[in-house]
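Each in structure tokens, the structures are laid out below.
Shared between the two complexes below is chain A, which has chain B as its partner in the first and chain C in the second.
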Partner chain A sequence: MGRYVLNRLLRWIPSVLFILLIVYALVFFGAGDPIKLIFLQAPGDVAYDPVRIEAIREASGLNRPFLVQFSDYVIHILKGDFGNSLVSGRSVNEMIKAAVPVTFSLGLSAIAIIAVIGTILGAIAALNQNRWIDNLIVGFAQFTWGIPVFVAGPLIIVFLVLVLKMDVPFGWGGLFSPKVIVPLIVMGLNPMAIIIRQARAGVLEVLSEDYIRTARSKGLPTKTLVFRHILRPVLTPVVSQTGLLVIGALNNSILIEKVFGLPGLGRLTENAITRSDYPIILAIVLIFSFVVMTSNLLVDISYPLLDPRAASKKKGED
Partner chain B sequence: MESEAKKTAVVEEKQYNLFKDAMKRLAANKLAMVGLIVVSLVILIAIIGPMITPYDFLSQDLNYRNKAPSAQHWFGTDDLGRDVFSRVIYGARTAVIVAISVTVLSYLIGIVLGSLAGYLGGKVDAFVVWLIDVFMSIPSLLLVIVVNVSVKPVLVNWMDAKFLETQNQFFRNTTWVDFAIVFGSLAFIKWPKAARIIRGQILSIKNKNYVVAAKALGVPTSKIIRRYIIPNSIGPFIVSISSTLGEAMVLESSFSFLGVGVKPPIPSWGNMISDGLRVWQVYPHILAAPALVLAIVTISFSFLGDGLNDALNPRQWK
Partner chain C sequence: MKRTILLAMCVLVAAGTAFAANPLPAKDQVLNIAQPELSQTWSPFLGGGHVARWQSLWWAAPMYFDKEGKLQPYVLSKAVADSTFKTWTLTIDPKACFSDGSPITAEDVKGSWELCAVPSTKHARVDLFLSGVVGYNEVITGKSKFMSGIVVKDKSTVVVTLSAPDPIFNQKIATAMIPPVKISQARDANGEQKQEWWHPKNKVVVSGPFMPQSMDLDQGIVVFVPNPKFFGPKPKLSKIVVTSVVDPAVATLMLQQGKMDAHTELITPTIIEDLGADFVSGPATAKGQHFWFGVDKAPMDDINVRKALVMAINPADLAKAAFPDGPYQLATQILNKVAGVDPAYENYKYDPEGAKKALAASKYKEAKNLPKIMFVGISTPTHEAAAQYIAEQWRQVLGITAVEMKSAIDTYSGPDQKNIQIWRDDVGTRVPDAVSYLVGSIHSSSGNAKKCLGGWKNAEVDRLLELASTKAVDNPDRIKLAQQAQKIFRDQYLYIPYYYDIMSKWAMPWVMGMEKNDDWQVIEPWNIYITDAKKK
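So, the complex of A and B:
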């Protein structure tokens, strides 16, 4: 077990570094001159004065080779410093600190809701295979699976406000304010289908196992059967989808925050794109990739806990 | 004796009519057929679009702004008095162009890397698999945003320089830059999926007994590929291409929704939804028209994908 965890960790580090390198290189070689970008926004025409530009470049160390600057950037990040915004000059750390709680609390609760409700719905569907409730759940999953959040969100708002004449509050009032309900529902709808399908297929597979027949013939009540014998093996494939859910939740948060006007990382990203504010974009990419890779790592580590067979299989592989 | 002969005849017929069988199964699946019809319709509309639009998508009628749907303007008009129906049809064109180009590009990359990994194995395989994992754990929206904001200035500058050099009007039109960047950046995030499928197919078929047997019998490689490998891997391949088409369409819309990618005045369903979000309380039709169309198209793709999967992947039958 210890070796397995260590092995995963050792793979995780170069992956994060590699993403950092790609993104940094893209911005470094593509984005254009950061100094010019800064002064094009500033008053005066410093941007067109090559001598002063060179002086500033020299002073800020931006004329050093790529790899030197890159390692400098990595060291700064390891110290927890993402630099300053090109547009406002404010510290990126501050801006991100304000936005992270919105995105992460929304994303985490969406994932929790999806995982719990999705597993339950999937299990109900499988236990009632081919009855109307199964068809309803599977149909619902198939229907919501395709619709992206930036389409479902606006349509739901239009429906609630203009057709049902409901008063839908916008903006952010913390995770426990009623404002959060509609965005959470929209964020949950789309990826829910993945979990419903996984859980349904998983339960169906387990139901055909011999030990379930034994348990049934022993006369175990259905409740015990479901909780003791069915749910645990089904959780493994469901947990394996967590990485996908995390990516989905982060992608969706960018879109959903625009739809509902939430002040999270998504809105920060959108503003940064329109103003080409690279330090912010870089920081957000890093945070997102870090979260995804870490959750993948956690999933890998949790496999053996859920299903001891996985650990020995993985060990055999390495 | 006779019935036995009949049996083998039937079996043989089945073997040789894989595609007829698949088509029959697909035709029996009503939802998949609806999906197929809608998807074909969208592609048809994208091709003949300009012939059937009642108005030019750019022509403005400022006396006729924000009008609700009517007999002259089926989907109403937008804030500049442009016909929303014509814009939705042109949006289909944008969506289809992007979807097809992105799918072709990402499969080209995927086929090269995936088959290299599958055939060569060893360290090459390990590296490609790692690369796929890393790329799949970067949230795709953000990666595209980074590629977009970093590569675009370089290309635009190059186009400007080219224009000054050649005075060729072609280089003034940055629409092509937008499209090229959308193609490139979407292929950049979609290739890992393609590569993974190709690699998986090659690995699973390469060691199948019938391929080994054919090799041992001295069947030439080209015939092995034609007779055994392609027919046996084409099913999952078609399924994954259809899902990539749908995903690329949704991604294109999400980027133009966020303001990267295809830019106004070129209509894309995404930027139309984003425009509609500003005025939905007063003129909901501007938002609802593109959102409903995109919702219908994405659902159709998911129905079609499911149907194809059931029809073409006999190994999954129970």
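So, the complex of A and C:
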């Protein structure tokens, strides 16, 4: 297992470098440099003076060849320095340090809630197959699956404020602040549908297994049957979805943090992309890549722990 | 007795009128402002953007224009030119001081203006104010850090030498975009801006009526409190909180709930319905929105095509498409709201037949031979409606079908970025002067001519405006020459007039004293207060 993890970790290095190169090239050759954007995006009487812009680019080191800038950037990253924002001059390390806890605590909480509630609801639906409760849960899952986050977020706010006359849930007061409840709901609605459907399908599959029939015929109480024999194998497909949930949570954070005024990586990303501020974009891409790769690795490691058959299969292959 | 009663009644009526005009202030004098971006820098040397809109809260301008458009002293008590208008002597008000009580000195003025021009500062509009100063070009191109044309005569006197006569230099520097700051705090040993020197954690000292108490740049919350050492009138507000609220729908709800009192710039299609007409109301400003043709791109290099495109548009219908509910002010000539608006200006006429003839007379002959026409700057629903009306008119009148419109230049893919022919953008002036307005709009050195007009240059227009610039403000030739330049520009069919802007206050009705200048900054921030109407 240790060797397997080490191999996976070593494979990250070229992957990360490749991702960085691609993203660097995209922002470098694609959207244009941020200095030009300062002048091009500014309205009205801002003088678009190519000579001056070139002087600013030179002062910012942006007139150097692509590979020189990229290698310089990589060297700085190896030293743990993400550089400074090209627009504001702030240290990217500081900005990331402040934003990471917000996004991660919110994302992990959302994933935990989604996984637990989604699995329970999926199991309840399966155990009551074709009854009203099953229809209700599946209907709810279908409904939430059809509403993207960028629609759900503003709609929920409008409903809370205009219908329920509540205050706008805005800003960050820590993970245990009531302000976080609504963003967590919005973050969880759509992906929870996947977990519900996955868990329901998994439980239905397990219910038709011979060993469940045997256990039932032996008179095992339903509670023990569900928690000991049904839920455990169901967890494997649910956990495999968690990797996708992490990616979804990161994507959704961009919109949710913007709408609810949360000072996390998502809002920082949106801000940096609109300004082509690529030291920030690259740092966030690097963090997102790291998170996605780590979550995939954790999912892989967790398979044998959740399902002994996977471990023995792996041993047999080895 | 009767006389006494009459007098008492008069006093009562006068008091009542005064009360009605100036509602009583509320007890809680905290102004909450929604900022539509996550502002990561609050440097006073940005020269634009949303942060600069609140600059007058904490930085005193060299001079300023009051509500009536009259030039008023501020940090500078006097700005006097010699007879050639090339040398200006600026005198600092002896009362002018920073929030630590230290006086604002001539070194601070000189150093601040030099720092504005240093490339790494990235000041977006420094050229509007200081480009005429001797030595400016050396600093702006990075060859020097100091302007030889700014000389410190003594602690409170600065002598500025200009490379050409400029009778309105004193008006140009009447802006908080180039505020004198404590230069020892802002500039490092290399002559560049120190990182985050403007942050309260670095104990910044300021010159305006308010000073920053805290700045959480990650959360996007900045708190200002009154500056106890401010050398002007005492501010009425006890606190100002600027919070980053990026989503316009959320900002609208917060304004409706009274959680926010003002917004930096809120543009939504339903704004009047949501927040009332008063929220966006304001006086007309010397600024116009137009669709500009870039002459360096085909087919705008052909005057007959330009003529056809302009004549196919009905100005009244264009305005109606963009502002179906009003209010709007239809644009005609470039100049507006300054002395010098030309009463004899001949507006472009809607003439579909003339448009067809002009296209036939062009080298392209027919619509099918024209390249795809691309718009940029179509960034709001209002502009979308206007651009769509234009495209539809061109289709109906001229048969043009290949038209594309996008919000920003970077939303076009690589090759198309270089071929955009039409920019929706504004032009205006920050000083009430027709020559300054046109120099910033149609002179070949202007950002508008370089960017939106594709480097358009007309020697006669340049000559007339340069000559006009040297004439004294009260010389009638100054305006006459400007109008001549505008006439030549008009005959080139280089733009589709759109509308003139108003200076929206973007504040709820209970906020008083929010009148803004042409920099979109509050003119007299010490006069802002919240009325009791907020409770209701």
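The criterion applied here is as follows: the second predicted complex is superposed on the first by the 248 of 318 C-alpha atoms of A that agree within 3 Å, B and C clash if a C-alpha of one lies under 4 Å from a C-alpha of the other, contacts with A are read in each partner's own complex, and residues count from 1 in each chain.
Methods note: a residue touches a chain if its C-beta (ideal position, glycine included) is under 8 Å from a C-beta of that chain, and two chains touch if they have at least 3 such contacts.
Keep in mind it's a predicted model, so treat the numbers as computed, not measured.
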Could you say whether A:V158 touches chain B, chain C, both of them, or neither, answering first, second, both or neither?
both
Output check: A:F227 vs chain B and chain C. Expected answer is one of first, second, both, neither. What do you get?
neither
Just checking: does A:K258 make contact with chain B only, chain C only, both, or neither of them? Give me first, second, both or neither.
both
Using the superposition on chain A described above, determine whether A:M95 touches chain B (first), chain C (second), both, or neither.
second
Just chain B (first), just chain C (second), both, or neither: which does A:G30 touch?
both
Using the touch definition from the top, say if A:V292 reaches chain B (first), chain C (second), both or neither.
first
Could you say whether A:I147 touches chain B, chain C, both of them, or neither, answering first, second, both or neither?
first
Just checking: does A:E270 make contact with chain B only, chain C only, both, or neither of them? Give me first, second, both or neither.
both
For A:I56, using the defined touch cut-off, is the partner it touches chain B, chain C, both, or neither? Pick first, second, both or neither.
second
Quick check on the output: what are the common chain A residues between the chain B footprint and the chain C footprint?
29-32, 154, 157-158, 161-162, 258-259, 270, 276
Residue positions on chain B within touch of chain A in the complex are 31, 130, 133-134, 136-143, 145-151, 153-154, 157, 246, 250, 253-254, 257-260, 270, 273-274, 276-277, 280-281, 284, 287-288, 291-292, 294-295, 298-303, 306
Residue set of chain A touching chain C in the complex reads 29-32, 35, 37-52, 55-56, 58-60, 84-85, 87-90, 95, 98-99, 154, 157-158, 161-162, 167-168, 170-172, 258-261, 263, 267-268, 270-271, 276
Inside the complex, what are the residues of chain C that reach chain A?
37-38, 40-41, 47-49, 118-120, 122, 124-125, 127-128, 140-142, 193, 195-196, 217-220, 243-247, 249-250, 253-254, 256-257, 259, 287, 408-410, 414, 417, 425-430, 440, 445-448, 450-451
Listed in rising order, chain A residues that touch chain B in their complex are 11, 15, 18-19, 23, 26-27, 29-32, 142-143, 145-148, 150-152, 154-155, 157-158, 161-162, 243, 247, 250-251, 254-255, 258-259, 269-270, 273-274, 276, 278, 281-282, 284-285, 288-289, 292-293, 296
